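Beneath this line is the structure, given in structure tokens, with notes to follow.
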């Protein structure tokens, strides 16, 4: 088992002919993801050449891509100016999951796009996220397939490379993963910590969860309350940004301490108050997890 | 029994201090409608003086009017420029039924307002409608209380005075009504014929229905198909506008034959094809109804 | 409210839609000058609020300025489906590769602005929708979100295959939606939308109707009204706040309520007469409105009898009767007047009317029969 | 991106919000002239991207032009919370009856623009929300519908009772929403919104932050950026497409990924050091970006050691190692450099780095400890 994606996931790549889209499509296909279609307006009826002489049909629009191939998931690599539009298109075309990789999408565009997706019961992951991977089954997004391994740990994170860091340590220590999810570093994201925790709690193969947060917002705090109230599985946490100054955006659009709220101290305190062991160094995650699973 | 409104209906009047609003509020109160609140921005905390020394508290906004009085229905008498806004406000405040009397509301405003009300599961009647009356129980709108009587006939109509005409004849002939509903003459209305027929079909006290349509649109045609497929109760129909020229708006914004569709001939034909007896003169309605009920 | 093609072209152009240049003229001389300026072949198009201009000879291709002048003098003054031509549009003829249809109107069932597009242009779209429904694509625009980029693309892609044409058409479709919403329209249409041999997509015809209820807040649109294209009586009725439509019969109808007014017309016809008009005086007993109504009805020289059909609901019948009597005092009506009044206080009202020497009754059938009879006699 | 008060005032004024006149000046003489022109008492306000200007002495009431000149010369060049004052705003002082707070920002939980209003103005709204939550009213605006008239009224009615004030404030709230959306803002604030003894509602302060992701499509807003108000190194980083925030420590950090960059800073602190910066070089191995990053880090004279922490994911570590080596060739770095590279092909990468004489390892803890140690020695 895994959450959100597995070996049945049929993916359409929005922006498949772009630089990032084409590169990561090949990476996904090489990993074994079932990429069934690509969309680039104006390039319909061409084919995308994947690895191992596999080809993927390209469509002008999501509507056709979904109806012709039965895709149930899309991944968005289109530039920021068009990304919200691509999400709206995917939501209308009827996929179940939209993974929005694009960074720099205007926040008010996303407010509308999230509302549109909610209206239709479609899950959006991101934007500004690395996507997700269910080791051995499927990867959708840009997470490096070679650092993961199958196993019982669920990983959810607002960050990209920090997640790789943590996952690589888990894999090296023999702790494989059910699914690793990057929820994205933007202020308005479609899938938050709680959604992922719910899914991990319900996933019978997940034994424990690593939750990697950062400064900005209150998503971690709400997730912590959820962990205490609802979760039976152990959760180990990490929060990046203890040294971040207030009021400055630390790379991610969402990583900013506004006024006195959203500090790392606050998040760490709330984690601990709700029974989540907090790793002070990334290197401590493995140890805490082994302790929790022992 | 009755449909949509009965003696438990608690009404808030939007635009209670206006010319039409104040006049019809007094009429409604005199009829026995439970008018529990009025709304006029800027006149909050004043009182509206009704008949028989009854007073109604005025609020600045619907939110307060509903929370303070438990009103479940609103009736809108505000001018066209503000009517759609008043409907949005009522829908957000959580009433179950909004009766929009105002004529001349921009159609694209109503497209938004109807979407907003649908999002919240709120029924809108109108706009550009005379409202409705459940004889002996409640009236909301501008229908004259003195021409109705309690009895087993449901009446639903796109028109105002033509409805009065029909209802008056019913009353004179001893055929009282469960509820008379004016659904309004605009192109985009919140409650259509089918909604009313459904409610009459379910209302145990309604024995037969009079449905009064006119040129323009296809609401009558769809209602006729519904009657044939679903209704157990007899329906008598009338269609106004057999002499209306195509392409000209006959008073009501919705009463216009576009191209070749929406003609009275077409509607009468579809009525007859679906087992609805059609009165050629208004005076024939009573006879057809008596025949159907015999 | 209908606006002219040249006015719709202005709205479209302001929204960014590529529309060829054009000049509206009212004389053959001006048409000749315009044609000279454009050079080459021009199209002369009658500006009237009516379809079927082509069939009626109101659209002509002129190969030079002299021909433009000649055709303009033929078209000006023409009567097209009851509308006199007072202006023509002169516009350069375009090289046409393909013709498509793009239109948007408020769809009652969808409760939303709804696009219809077809790769067959210059056609009666209603006819196309009926006879070959697969050759149209339809899309309703959610009023909560407006036109979304992929929706415009989806419509455009139904018209064209080459990416360059699709992208031009998507843009035009989005701009048409903007023009539609920004004008408070109930309908906007490009028929045909053409492609040229050079690969450009252009709107060479433009049509738009405005929702009357929008006019109060759109003075720029409201001033596009061309009262010269409607009967004077309709202009006056609108100014008096009355709903009035002139017809060809001789029984002048004055009714309160639109539905009852239509039913009254139908009943006139039923009893063998012909209604002279639709007229709704609304719900008040205000004598001023009745005066205006009588003036408008009597200005129609076909009218032989005036028929009042009033249902007194909230307004009491005696008030209405007094209003009618007072109105008649202010205006010199030589035609027979028959009145039906029913509802609250009708007995009182009938007495008032009869005391004033007016013919009154309470039955709609009775009064209509009497009116038809009087019209036949007169 | 923060914009200055005077710039936010311009945006507000363009949206119709009543904002008193004002002039931005950079010299005491200009301030004097402006004060003379306005006559009466004026306010001199430091234009810096920082709150707490009043407490810092950056806002002064000047009773005449001479005083305006004197205060301006005191304020110009002041350092307010790290920001040097280079401009002041001169604006006529208003008679103030009441002060309220009106603000709108993107609320993460509601996923929508969210208003907060309070009848207490000129305050720290966060503090008010915490200490007396009943004295604020909050409302999220559904992005599908925008600000609805009754919502603006509902907010305004929380501030005022008199209908005239409520109606002015409703309008201002709607206009503030328009300015917010129309500027691609993430925050807009009027603090305080005042009423005057004459019964007028006015915005006498204006604050706005822009969503950086909106700038590509809003050139008019983008040109409001005041690079003089930020360290030169940050301007250069932005131009090079790097996320960079200058800090006060001595360990220069160069990391791929924002989360890992923060975690690296935290670990520097954990091992007793102080990070000199946040810097995310992104996901590529492009030597140009590394060159830019090294130039920016070394332009900070506090920096004593340069720490690379790179996780090679999709990008292979050997590519990254080659990129770093090539970058170092192009720039003369005298500071010690320590490098951590891990992920795909890390062994190969470490060999490449060591062959080039660079200190490299695969553990994050190890490299950070080493960097802190080197900074302490230097």
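Residue numbering begins at 1 within each chain, and the chains themselves are lettered A, B, C and D in the order written.
Definition applied: a contact is a pair of C-beta atoms (placed from the backbone, for glycine too) under 8 Å apart; a residue touches a chain by one contact, two chains touch by 3 or more.
Remember, predicted model here, so these are calculated numbers, not experimental data.
Each step here moves to a touching chain, and the least such steps from chain A to chain B number 2.
More C-beta pairs in contact connect the chains of B-C than those of the other pair, out of B-C and B-D.
Separating the centre of chain A from that of chain D, both taken as means of CA atoms, is a distance of 27 Å. Our note on geometry: chain C versus chain D, Cα centroid distance of 56 Å, whole angstroms. Among the residues of chain A, those touching two or more other chains are numbered 112, 116. Chain D has residues 144-145 in contact with two or more other chains.
Chain contacts in this assembly follow no simple pattern; the graph is neither a line, a ring, a star nor complete.
The chain pairs satisfying the stated touch condition come to A-C, A-D, B-C, B-D, C-D.
Those residues of chain D lying in contact with chain A across their complex are 106, 108-109, 111-113, 126, 142-144, 181, 184, 186, 211-214, 216-217, 243, 245, 247, 255-263, 265-270, 275, 278, 280, 283, 311, 313-314, 342-344, 363-365. Those residues of chain D that touch chain C in the complex are listed here as 144-145. In the complex of the two chains, the chain B residues touching chain C come out as 23-24, 27, 80-81, 104-108, 110-112, 114-116, 142-144, 146-147, 157-165, 168, 185, 187-188, 212, 214-215, 217-219, 222, 238, 240-245, 248-255, 259-261, 264, 280-283. Across the complex, chain C is touched by residues 41-44, 60-63, 82, 85-86, 88-89, 92, 112, 116 of chain A.
Put simply, chain D touches chain B in their complex at residues 145, 148-151, 153-154, 157, 163, 166-167.
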